[in-house]
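Two complexes come next, and they have one chain in common, chain A, joined by chain B in the first and chain C in the second.
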Partner chain A sequence: MSQRPSQWRVLLETQWTWTRGILLLGSIVAFTVPLVSLETAAGAADAASAKEVAFIGTMQAWSIGYALTAAGIGLLIAIAAWSYDHRLRHVYALSLPIARWRYVLQRYTAGLALLALPTLALLAGAELAAHSAAVPATLHAYPLALTLRFAFATLVAYSIFFGISSATARTAGYVLGVIALIIIAQVVLSSAGSGVNVIGRVSDIVFATPGVLAVFSGRWTLIDV
Partner chain B sequence: MSLAIETRDLRYRPGNGFQISNLSMHVPRGALYGFLGPNGAGKTTTIRLLLGLLPAQAGRITVLGQTMPAEHVAVMSRTGYVPERPHVYPTLTVDEALRLHAAYHDRWDGAWAAELLRQFGLVGDRKVGALSKGETGKLMMLLALAQQPELLVLDEPTDGLDPVVRRDVLEALLEYVSTHQATVLISSHLVHELERICDWIAVMDRGAMIAELPMQEFKAGIKRLSVYNAPDQLTDVPFTVLRRTSFNGSGEQWLVRGWTDDMRDFFPAAGSTLREVIDLDLEDGFVELLRSFREVK
Partner chain C sequence: MFDAGVARAALAALALSLGALRTGMAQNAAEYHRRLDSLGGEWHAAIGTVVKADSAQIHALPGDTIHAGQLLAISDSAHVSLARSTLARLAPEVDSAYGASARALTRRPFVIRTNERDTAVVVTGVADSMGVVHFMSSDFPNEKALTNSWHNKLDAVMTALSSAALQKWLRATIPTGTPSASDWNSDRIQLVLADSRVSQTCVRGDLTGCLEAFSLLPVADPAFELYDDAGQRGIINAHGYLLRQSDPTAYDACMTHGVRAACDKLLRSMPVDAIPQPLPASLRQSLVRYALSIGGAGAFDRLVGTQGTPRQQLEAAARMPADSLVSKWRAMALRTRNASSTIDVETALASIAWAGLFAGLSLRSSRWR
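And now, the complex of A and B:
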């Protein structure tokens, strides 16, 4: 206790304490998804005549698995970064002799550092899958590209949810309110017999148009041509 | 007189009917300043305003010569704060809480923190959330003291603690104050505790400061007088009459403020007789002061 530890390091330690369960689970899932996707793709290819098409099609079906894993990890780590400050009404953080923006930055970067664990787990899983499974000769494995995409998607999800959860409960309420309005509008329109797909249009705008959120859509595949 | 804390015309209205209006406060440097008031008087809100945890809507706050909340970082590096409710992350162990606090305070005294840990009987590897109320109170005081502040702001630091723990905590506080000449602002319901340790006293009620003066002056100036044949209308009274109550026909009891012994001459001149001057302790004075303030309001 004689030597003062660095502020960032102790914040990293506190966030590790709060998120190690999430990180462990997230890392297991991230490690497993490439292995399972390749296993199922190999099975599908064995049973098909056009092996490459079946292989890639099955691999692509797992895109949602990668996107959900990245979004889920980003969401949970971001919420955990602020949960105890919210519970204690930020009294401890606000009474520390540090500018608020610096404290927020320290919390953000500490969480960011922790996201390296599931990302490395995904890389390990992807490398292991790429080297252990029988892939049709015309196809190639892209473990590093997949990992980079996963890292970016995790970063995007973490940043968005960190921003929301670091704000006041009122701000978080506004965000949830907008989401609730979209869902209510969809329910009302559907029950009125309208064919308008509000949720689909909103998700097209958010995820399909060029922008950082587009990382969650499209093809996430370890094996490709 | 050099001031550690000064507020001028402070105003804060959270929107629930309660408000702090035109609050002016003067905490002398080196003072042990007791901050009294009933529940809901606005003591905790005032403390949060002083430390920049809440934004004042008007007024000026100076703490240790620096403007709040603009110079929040500089002020908080010189101020130890024990809030009303525990504010340390409950998932951390005591040692981790100390490490976290040490990282943010340049003047952290690790050796003394270890000594206080031993003195308070706290176990380093226990979770903060698993500590008893008394242990949590000790930990909060430890954190505030080991950062070696010039100013300690303590919001009900001994509330709910048993007498033994309370004594330990106050002893550590007084030892620190005597060796470091620190200023202490201590809010408490425990009037006798403040009477024992404080040299200044402030009384707050319904968001307003109703008294702020040296303890001796407060205790010496508030008396209960037994007066006979007093006129209904008083003129040229040299002290403040807070309350008059009749007893025994022509007898009255007066609660007065600003009394000194040379004021006895007032009574013969007014055609009345002063039979007795009764000293009030801080609690009596506090209660009577609140009553008279509420009657006037």
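And now, the complex of A and C:
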């Protein structure tokens, strides 16, 4: 007698079906970024007198690549987790003999499990780059730390967009409204000749620890002193 | 330092002297020199008054004179206990670090007194044999802050015992104590990121490059021997304001069009002292500290007591040739490894908390109702 798969596993499999294209592409990008950054850093170091400085500077410049990859993967997986529910007006979910919060939790954790794939791809790429002969002997590689940062960044991006996607249109409207209000306030204050930098202050709060997007800012350095 | 009475006396002396000078406009050269000498006398008398006043102020401080080993402190009554405990912390370190040279400290008492303008801090310094207080600072009145402050003052006082050549080479105080893992890590980062040609060759294992980077080998033409093209342009850029004024044509040709001859001309127009040292002073301090730590007993005495170049003084302190010392220092510095700054615990915990918050909010959502 065959055993029926658990509900979570069914959700995982359906989410995998919906997102495997995104996951495959995201994993390829995550695997590639460390290797490409190493290649460009080695090239920059060859052309510079202060090789270590040039190497680290170029590796540091790739921070945005890691941050964007993490944010993009988190965003797309979160939106994909809800896209069919939204399209079918939640009929499937309503037909299940399960509480709403339990269903959401299963969707959330299934998405989290899928995020392990690009994270592992990044770890593999980072480890390969770390053991390359192109890394100057005086510098050190931190593939695990970089992977951890990537994992946390993906987790935050995924959670934010999962939360927004799961909410009502009104809630999404509130979020957009707050962002619009900040921009309008800045425009009005600037037009009035005020030196108050609203966007700057909000950015400081959001991007500095323990801000919600703090994990995206700062150093994403695979190779460092 | 200058109380109102002393200031008035100095001003009066100066005013009298200037008045005397003014009435003698038609004087001859001999008369002029005589009056100048007179002015000098008045000036020195005024300074003497100030020094005596400072000295009197120090010795007029209420409270005890505190001894601990070779160290001495003069304190007002409010801070005797703090001064005593701070000296007790410093004294053992002083004896082991400075050896016989520490005897000089018996003539240089620390001074601590209440800051009448701000009671949250105390005023501290080191008095010289004339009673004038040097290295004055405002410090928090706790043992940790005062120990740190007095430690720095000790370094400054003891550095003054070294030769002018060593002080000129070091351009900082002589540090003491065993370097910590954190010190080595900081040294490694500074060495690896130093951007002169010789510092980079040192990083890659060239011992001559290390000696040149530490300015322990004579270099005839530092701008050309220690720096490559990029480094030379950096030097010209750093002195751009003066060089542009002195030779605008050459400056533009060098910085805008990269004309080699123009850059060379500008570099040769600079005095040798204006060419930056290939390594920061903190790394020279680190080398001195390492030499003292491996030199064993009497290392500081040998460092300040040896006549000759800084290289010879370092060799005497460490009891080994300079190339061995630098080689060992380099190996120690490059051996360390710091923790990654890519992710810290606070950021990780904040990320988990934010993710949990958004997950929690989504669980409470009533989208399908």
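Everything that follows uses one rule, which is that the second predicted complex is superposed on the first by the 196 of 225 C-alpha atoms of A that agree within 3 Å, B and C clash if a C-alpha of one lies under 4 Å from a C-alpha of the other, contacts with A are read in each partner's own complex, and residues count from 1 in each chain.
Here, a residue touches a chain if its C-beta (ideal position, glycine included) is under 8 Å from a C-beta of that chain, and two chains touch if they have at least 3 such contacts.
Please read these numbers as outputs of a predicted model, since none were measured by experiment.
Judged by the touch definition given at the top, the superposed model places A:S194 against neither chain B nor chain C.
By the touch criterion defined above, A:L94 reaches both chain B and chain C. Touch criterion met: A:P5 reaches chain B, while chain C stays clear of it.
Between chain B and chain C, it is C that contacts the larger number of residues in chain A.
Once chain A of one complex is fitted onto chain A of the other, the partner contacts of A:W18 are limited to chain B, with no touch recorded for chain C. Of the two partner chains placed around the shared chain by superposition, neither chain B nor chain C is touched by A:S132. Common to the chain B and chain C contact sets on chain A are residues 94. Contact residues on chain A toward chain C in their complex (touch as defined above): 48-53, 56, 90, 93-94, 100-101, 104-105, 108, 138-140, 142, 145-146, 148-149, 152-153, 155-156, 158-160, 162-163, 166-168, 171, 209-212, 214-215, 218-222, 224-225.
Taken together, the chain C residues at the contact with chain A in this complex read 188-189, 192-195, 197, 200, 203-204, 228-231, 334, 337-338, 340-344, 346-359, 361-369. Interface residues of chain B, counted against chain A in their complex, comprise 51-53, 72-77, 81, 83, 85, 87-92, 95-96, 98-100, 102-105, 108, 110-111, 113-114.
On the chain A side of its complex with chain B, the touching residues are 1-7, 9-11, 13-14, 17-18, 84, 88, 91-92, 94-99.
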